[in-house]
């Protein structure tokens, strides 16, 4: 069980131009937890996620994924455990047809062609896109691209799923489908999003980030319904709660 | 042609290439080789030959009809790219005024003959090129190239180009539209604005390439990309190639047109 | 200025394809040796970028007409010669297939004409020679204009030579050159200016994109100045030879001799091209049309000149421009060489 723990200890990161993006981040995610990462643009969400996948290495502090400390040498190993779904599906779907995109990961894992085929079909089935197997990615709708992008990651059978703004640009129905999909995944999930309603729906736990620091870490129910806390961090209540919640006079 | 039209044209040909007809199913390698040989035969004709070129229209016509490709679309494209060839060709009648034929007493100079020869060759070769992509998917062509020993790194990068072509055209289109909305006449279209636009597009493209690279790394990329093998040569493909090439050879070296004409002549006498 | 199949003979087309394919294989080999993996998606995306960029027009000052960028030199600056050549080839392949720009046979010639000169001559011999780390905008502009203009001159010259050698056109060499070269000189100046503008602007925002001078960008590790000088000398001899050829008083005499060498064997091979045209009319009418066949001797058609003989005056003008460009090039090359020697 412990091999699925994500642990960050006092992580600092600065960009080459000097901007300090992460200023001492510490938290721990255990197996099966789903955590929402919330904050304004520029708060450091994406930077944090990129650190989790080894694309950026912390200047100070430690990250360990399943007991493996993150470093330049262990990057590859970490990437086998952590499935990263990027913000824009177009960046993630770079092969000529969907099948090849989903097969890309398994092939790189060194699996036999039969196994690869199995993984591809299962992953596409999981996201409901098996019929799109032979389509070129530029002929997919935004929602379909999203789902296929997730499939490309799922085909690698990662232990931990990290997603950056999975719901952006989706029409209401696709968004609903995505939420249902995510709720069905039993993996450890870390999801950065502006869509507070989605976080509320999908993640039991929530971390609020502001200016590269964690300002709150607790259950989504508690944090995301705390209007004061949200406003302090330049956020708002989830839309679905904005009219139901009765304002209490101070 | 305006941006919009070119963009949709590209998409249109791309859609056509994904159809499923007899011609579409022929192995891309065969189509490439046969088309190439076709072009070689066509351009090997002498400069004054016109009539013997005519039978060669069979090939593009075959591709068009059996491939279910709309004629108008192809015709439009051929016309659009004709300026350069026409421009060079039109000098022939100017410089070559040696009269070679006088049908019905009208003198026709060699220059005009060679001009028409150029036009016909042009239509034949250009339509074949467009039809090739119209009946063959681009990834299919790329795999064919790789199987024909074209360096893999070149083919892979071709595939990437194709993949992101529409994405980038879309981005550029949006920028052009934004510029349109704020320009009046030719103001706003000056080279300075253009440089800014292109530079921004360039930076965005590089950033996109960086993100793609990251996505590749995330899925275990370590330098090798496998192009999946999906092409299978069928009996039909080989027969098609043999028949076509033989036909081209016969039509090039034995004047069928002449034969038909002479026979007709004899019959009518 | 794309070549078209209809203007090519199989031999010339085939030869250009051989050259281009050979270069593609060579570049692929070179890249495999010392390439950063990151280049693969970058090459593809930049190819798409060039394609998209070519769709954006700008108005050319003082003419009101619109133009667009070619991009060869820009690619060389961003990617180095080997990768740039491959990307240029890819863009042309897409254009040939989807836009029927030229044709499949001419594709070989186009890849050569538009790829070799910017990537392997303009960029390493001129641009890189002049532009060093932290070069001033003026320097960049100068280098870009010079290298792009030269690249296009060589490119359009190649088109002319390929067409003439194929024997399809009746245009006399000098007239052809007058039609092609000056226009491409103008285009080259503008595109060079635009290229410089882009490099300068991008450098402000993302210097890492344009200023990486080591690694793949250099033509080969240890490109000594001697090598460069030799290459330039060879180039000078070639261009000098070609230009002196047409600068001579009888350009057409030389041109015709080529056609004679080239055209004759083929012409005698075929039975009688004239009758073939006649059968066309025979199909339509049962009666033999009234025609007269010229005697065999007259078959070698000589163009009848327009009233004014453009020959000498035109060749003189073109020769002058070309030689001038060459001289300026040489002068700069020597100047820069000397500066470098002084630094050492």
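To keep things simple, chains are lettered A, B and C as they appear, and every chain counts its residues starting from 1.
Operating definition for what follows: a contact is a pair of C-beta atoms (placed from the backbone, for glycine too) under 8 Å apart; a residue touches a chain by one contact, two chains touch by 3 or more.
Nothing here was measured: the structure is a model prediction, and the numbers come from that model.
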item: Reference chain B; chain at largest CA-centroid distance; value: A
item: Innermost chain, taking as reference the mean of every protein Cα atom displayed; value: B
item: Between B-C and A-B, the pair joined by more C-beta contacts; value: B-C
item: Centre distance in Å when chain A and chain C are each reduced to the mean of their C-alpha atoms; value: 50
item: Chain centre separation (chain A, chain B; CA means) in Å; value: 44
item: Mean-CA-position distance for chain C and chain B (Å); value: 21
item: Shared interface positions of chain C, touching two or more other chains; value: 41
item: Residue list for chain B, restricted to those that touch at least two other chains; value: 138, 159-160, 162-164, 167, 208, 212, 216, 221-222, 225
item: For chain A, residues that touch 2 or more chains besides their own; value: 94
item: Touching residues (chain side chain B, partner chain A) in the complex; value: 18, 138-139, 142, 159-160, 162-164, 166-167, 208, 211-212, 214-222, 225-226, 228
item: Chain B contact footprint on chain A (complex, rising order); value: 50, 53, 55, 76, 79-80, 83-84, 86, 88, 90-92, 94-97, 99-100, 103-105, 107-109, 136-138, 152-153, 156
item: Parts of chain C lying in touch with chain B, wherever the complex brings them together; value: 1-2, 4-10, 13-14, 24-25, 27-29, 31-32, 35, 37-38, 40-49, 51-53, 55-61, 64, 66, 69, 86-87, 89-91, 93-94, 96-105, 163, 167-172, 175, 190, 193-194, 197-198, 201-202, 205-206, 209, 266-267, 270-271, 273-283, 286, 288-292, 294, 298, 301-304, 306
item: Residues of chain B defined as touching chain C within the complex; value: 3, 6-7, 9-10, 13-14, 35-36, 39-40, 42-44, 46-52, 54, 77-78, 81, 84-85, 88-89, 91-92, 94-105, 110-111, 113-114, 118-119, 121-122, 125-130, 132-133, 138, 141, 150-154, 156-165, 167-169, 171-173, 175-176, 186, 189-199, 201-203, 205-206, 208-210, 212-213, 216, 221-223, 225, 255, 257-258, 260-262, 264-265, 268-269
